[in-house]
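Several structures are given next for inspection.
The following pair of complexes shares a single chain, chain A, combined with chain B in the former and chain C in the latter.
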Partner chain A sequence: MSAVIDTAPATTSTAVPTSGTRAAWTLALPALMLFIGGVVIPLVMTIMLSFHDWGQYKGIEQVFILKNWREIASDPYYVEMFWRTFRLAVLATLITAVFGVPEAYILNRMSGPWKSFFLLVILGPLLISVVARTLGWALLFGGNNGLANKLLMSLGLITSPVRFMFTETGMVVALAHAMMPFMVLAVWTTLQRVDPQIENAAVSLGAGSLTVIGRIILPQIMPGVLSGAIIVFSLSASAFATPAIIGGRRLKVVATLAYDEFLNTLNWPLGAAIAVLLLVALVLIVVGSNALIERRYAEVFR
Partner chain B sequence: MSILELDRVGKHFGPNVAVDEFSLAVGKGEFISFLGPSGCGKTTTLQMIAGFLDPSHGAIRLEGRDLLAVHPARRGLGIVFQSYALFPHMTTAENVSFGLEMRRVSRAEREDRVRTALAMVGLAGYEDRYPRRMSGGQQQRVALARALVIRPSVLLLDEPLSNLDARLREDMQIELRQIQRNLGTTTILVTHDQIEAMSLSDRIVVMNKGRIEQIGTPQATYERPASAFVAQFLGKTNEFGANIDRTMSPASLVAGSWRAPAPVGVSGPVTISVRPERIDFGGSGLAGRIVSRIFQGNHWLFQCETECGPAIVIRQNDGQSQPDEGEAVRLAWRIEDMSLRAAGGTR
Partner chain C sequence: MKRNGPLALAFHVLFVGFMLAPIVVVCLVAFTPEGFLSIPTSSFSLRWFKAIANYPEFVHAFWVSLWLGALSSFVTLLFAVPAALAIARYHFRGRDLLSALFLSPLMIPHVVLGIAFLRLFTAIGIGGTFLALLIAHVVVVFPFALRLTLAAAIGMDRSVEMAAISLGAGGWTLFRRVTLPLILPGIVSGWALAFIQSFDDLTMTIFLAAPGTETLPVRMFLYIQDNIDPLVTSVSASVIAITMIVLVLLDRFYGLDRVLAAKGDAGRQETP
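The block that comes next holds the complex of A and B.
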């Protein structure tokens, strides 16, 4: 998020090791150690693991083969899984953008206590555990006994219960709900930097309210929308709990697939390959779109 | 023939009165300033004319038509905001062109008018610059061009020069006045800077606490302030408690050792107000002592302690020798250089 919003040019300093830089290294050392020990080493081990062999009876064999990678690439089962994951993430991102941008705009125009109250409402999903929140959806829409389904059916609005559990629709809706705060906050941050007089300026020049939003406000908050989209997309694509509960055993996504390979099949090398592929794909998408945004808006939003 | 009329316009925010009974007729081509301290209601009044705020009561008419019934987007007023409010994602040319696009002006004419407007504010060749790559003064010019290119019936300026440094501000004042004269656009300027108001306007509306204190030409408001507030807000002024003694013969106006023939009709305690540049050091008059003297290039600024309280005196640096600090002096002024009002009253 900050990578997109703060595109201020990094100060270039000549790399002469002075006492200042040495102190900086010393101060950064604890965090650096933690990063290397907690992220870099396990990551390298996981990558190495993905090239090892595994058999039902022989377990993990420390060799270097491409078997796991070939399996993922050739088996349509895995390909479908990856497609589903990205489809869900894209849809969740679109939904959060479509609802989150107006939400942030309205929030920004609210005053005083109402603003704080609705900010809390928007942040709500973050304050509740993923599991409790997702089970809440199940209580509302779970088959014939779901509260919302019962209500809608007794009102005669629907004849059969809305299928929500174990459907992709349900997964997308639950994901979008969980991710909404990230989008709203990202957009809200950029909205606060928009000159409050600017709408009046556009109106005084003869612009109607739709023109003001479409041509003046939206282009200015686009970086916020896109950085929000990056956050939502990457979090949705790697989400585990929500797809696991709503999607169940039938509709697996990449994260739940990797989990199953590790803990149910015990095929660690294949699970590692799946996890690494998800990571690489996400990094490529995020870095790529970030670079695109920076190039597109470099001139205007320095 | 007035182009813009405000008829007893008022604005309340809950129990707070922001503007009260504001009546003004603006002539075609006139340059009017709303002058007052912050919170005096000048910006509120401007926003009601612009349509961003609705008056609680009163009427605003533009060329005889009821302006309040017109949506802000259709009022056809040009506005320059304090923050300039340029569109940061558009180039200079796109910014200026926006108002014309909204009016569905053809592309060829648009380009032509944008070029003319930018040339007028001295920004020819800056068409493709983005606002963030321009200095404050240049942004200010873009904002002015954007407001003028739509040929507004009235130009509203909301403290447009307050974000510029002193030197640039003076340059812009001269330029603004020149452009306004050339185009003949009726202009209303909101400012808290009395020098700016005096040097730019045909008439000044001095406001305080939501009310009009005085409307008049810069010279008239300065020379003959209608109230103590105006006298103190426009330039510096000295105030002395004085007394009109009709028992003396002839009846006299007395302030300490200074005395003058009493004006007709008034008696009892009064307050005299005199501009510092109208006071002379002489052989007779109000007795005092110089507390400090400050050299300011073309003039000297003296702070004196007199029998009637502190006073400031400004003397031209005309080569004559000036009194030193600590020196005893006599302050005198001509009777036509002071204004008089009954003591105790605020007016």
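The block that comes next holds the complex of A and C.
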């Protein structure tokens, strides 16, 4: 997915142009070797593995067949698994956008110390163990009289308990929580570049706050929302801990399915095919939407 | 700029509550005096923290995680610092491709990386060993170490180096006495962020860990799969506390906002 990462920093002022190419490669060589040995070769081996045969008694047979790929494409069990993963990722992305974008806007309008404090509170969970965070949701969801249900009922938002544990509803809520910081951060970063004078100008010309948000703010932060959405989508689609703990053993997603094939069924070639398909699908979706966004917002990215 | 209205503030309070709820609940339940999952109402008890000592699997997994995190983030710096200097200072053919490759672990799903590593390590016969975990973690935390080191190397004042060169310093002396001290804050925070990443990783590690080399997140995950009881909440609360301590240290050393930015825009499109 190299196309989406462009971290080559603007160093035109300090970098020594073209001279010292050999020095640069010498410095980068150890890391390059590490990545060839630690990323490129294992990935190629995994792709090859996905074409091998496997049987309960014969184990892995080093042949070249399309059996695993055909099985994933034709067996409704696997097709449903990929659809569920896609569905959950889309829903989690929508929820983070619907709640994360307004929150980033509100954060940005706070005064200095409050802004940095709450930014820390909202982004901090990123660095806290995902197992601990998901355990928290498992505790909140509980049974029918879990805390989450009690709270929602007392607020009058629902009349009868909602099943969260071992359901897609619960998985989406926990996933959205885990991904929320990425969306808030992406939008917040874009908001930093919005000139507040434009908002003031609109207000002085008589625009109401809804008009300002809809016609002034949103169009300017849209690239941030979309790049946040891409991060959230790709991380949700490959999430493991949250679906495994909240979804339980029966409600599987692609990542937990690959895990089961590798460590329980021991059908490594099939597991490898599932993993490679996940990788390829994500690369295509991420690179494709990045290209679309860049074309649509060419003036912003210039 | 206009201030937030009451409606916006109400939304904000609910949002923050949502973000903190699972973390707060874990920490509260960890202090329950009861033998079952409950939020302590009348009294707090440390019994479940003391109970961790009687469960050697957790204690052992904690030490594995600690060593793995400390070592892998140190080793990754040995690769990342020279690479960052190369990318920050030279324009050479393949530079963009190289930085894309170096950041690729951020974009490749960890489940795929876990499978790829498992395949490699089984093929070369070191599957399930600490060495295998170490190599995998060195690769996975590399982008985080690279980013913060790179930021420091780009922001560095080159004129100090020029002065040292004009005074006759060169090679190793120049690096050790001038360059290294100048980019040290970036290196230290790169180490700390890499440590947290390694310490928390579950998805990739679960493919590689064997009994004896299970890390804390792996042990916690496998435990939760069987049953959820107050013991695992007290372990989680301890992990949260350790993370908080590292975060406070990071904030003192470097500024947490910059670290979070490096972590948060995993694979994000950077606009030049």
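By definition in this document, the second predicted complex is superposed on the first by the 262 of 302 C-alpha atoms of A that agree within 3 Å, B and C clash if a C-alpha of one lies under 4 Å from a C-alpha of the other, contacts with A are read in each partner's own complex, and residues count from 1 in each chain.
In the analysis below, contacts are C-beta pairs under 8 Å (C-beta built on N, C-alpha and C of every residue); 3 or more make two chains touch, one makes a residue touch a chain.
Just so it is clear, the structure is predicted and the values come from calculations on it, not from any experiment.
In the three-chain model built by superposing on chain A, chain B and chain C fit together without any clash.
In the overlay built on the shared chain, the residue A:Phe182 is in contact with chain C alone; chain B does not reach it. Once the two complexes are overlaid on the shared chain, A:Leu284 sits clear of chain B and of chain C alike. Legend: residue contacts after superposition of the two complexes on their common chain; A:Gln220 is shown touching chain B, with no touch to chain C.
Once chain A of one complex is fitted onto chain A of the other, the partner contacts of A:Asp195 are limited to chain B, with no touch recorded for chain C. In the superposed pair of complexes, A:Val203 makes contact with chain B and with chain C alike. Of the two partner chains placed around the shared chain by superposition, neither chain B nor chain C is touched by A:Leu292. Judged by the number of chain A residues each one touches, C leads among chain B and chain C.
By the touch criterion stated above, A:Met45 is placed in contact with chain C alone, chain B being left untouched. Residue contacts after overlaying the shared chain place A:Thr211 against chain B, while chain C stays out of touching range. Closest approach of chain B to chain C, taken over C-alpha atoms in the A-based superposition, is 7 Å. Looking at chain A, you'll find residues 200, 203, 300-301 touch chain B in one structure and chain C in the other.
Taken in their complex, chain C has these residues touching chain A: 1-4, 8-9, 11-12, 15-16, 18-26, 29, 37, 39, 78-80, 82-83, 85-93, 95-113, 115-120, 123, 135-136, 138-139, 142, 147, 150, 154, 158, 196, 199-200, 202-203, 206-207, 217, 220-221, 224-225, 228, 232-233, 236-237, 239-240, 243, 247, 256-257, 260-261, 263-272. Those residues of chain B that touch chain A in the complex are listed here as 50-52, 72-79, 81-83, 85-89, 98-99, 102-103, 130, 132, 146-147, 150. Contacts from chain A toward chain C in the complex involve residues 1-11, 14-18, 20-21, 23-25, 27-28, 30-32, 34-35, 38-39, 41-43, 45-46, 49, 99, 102-103, 106-107, 109-110, 116, 118-140, 147, 174, 177, 180-182, 185-186, 189, 196, 199-200, 203, 209, 223, 227-228, 231, 234-235, 237-241, 244-245, 249, 254-255, 258-259, 262-263, 268, 271-272, 275-276, 278-279, 282, 286, 290, 293-294, 300-301. Residues 195, 197-198, 200-208, 211, 216, 219-220, 299-302 of chain A are the ones touching chain B in the complex.
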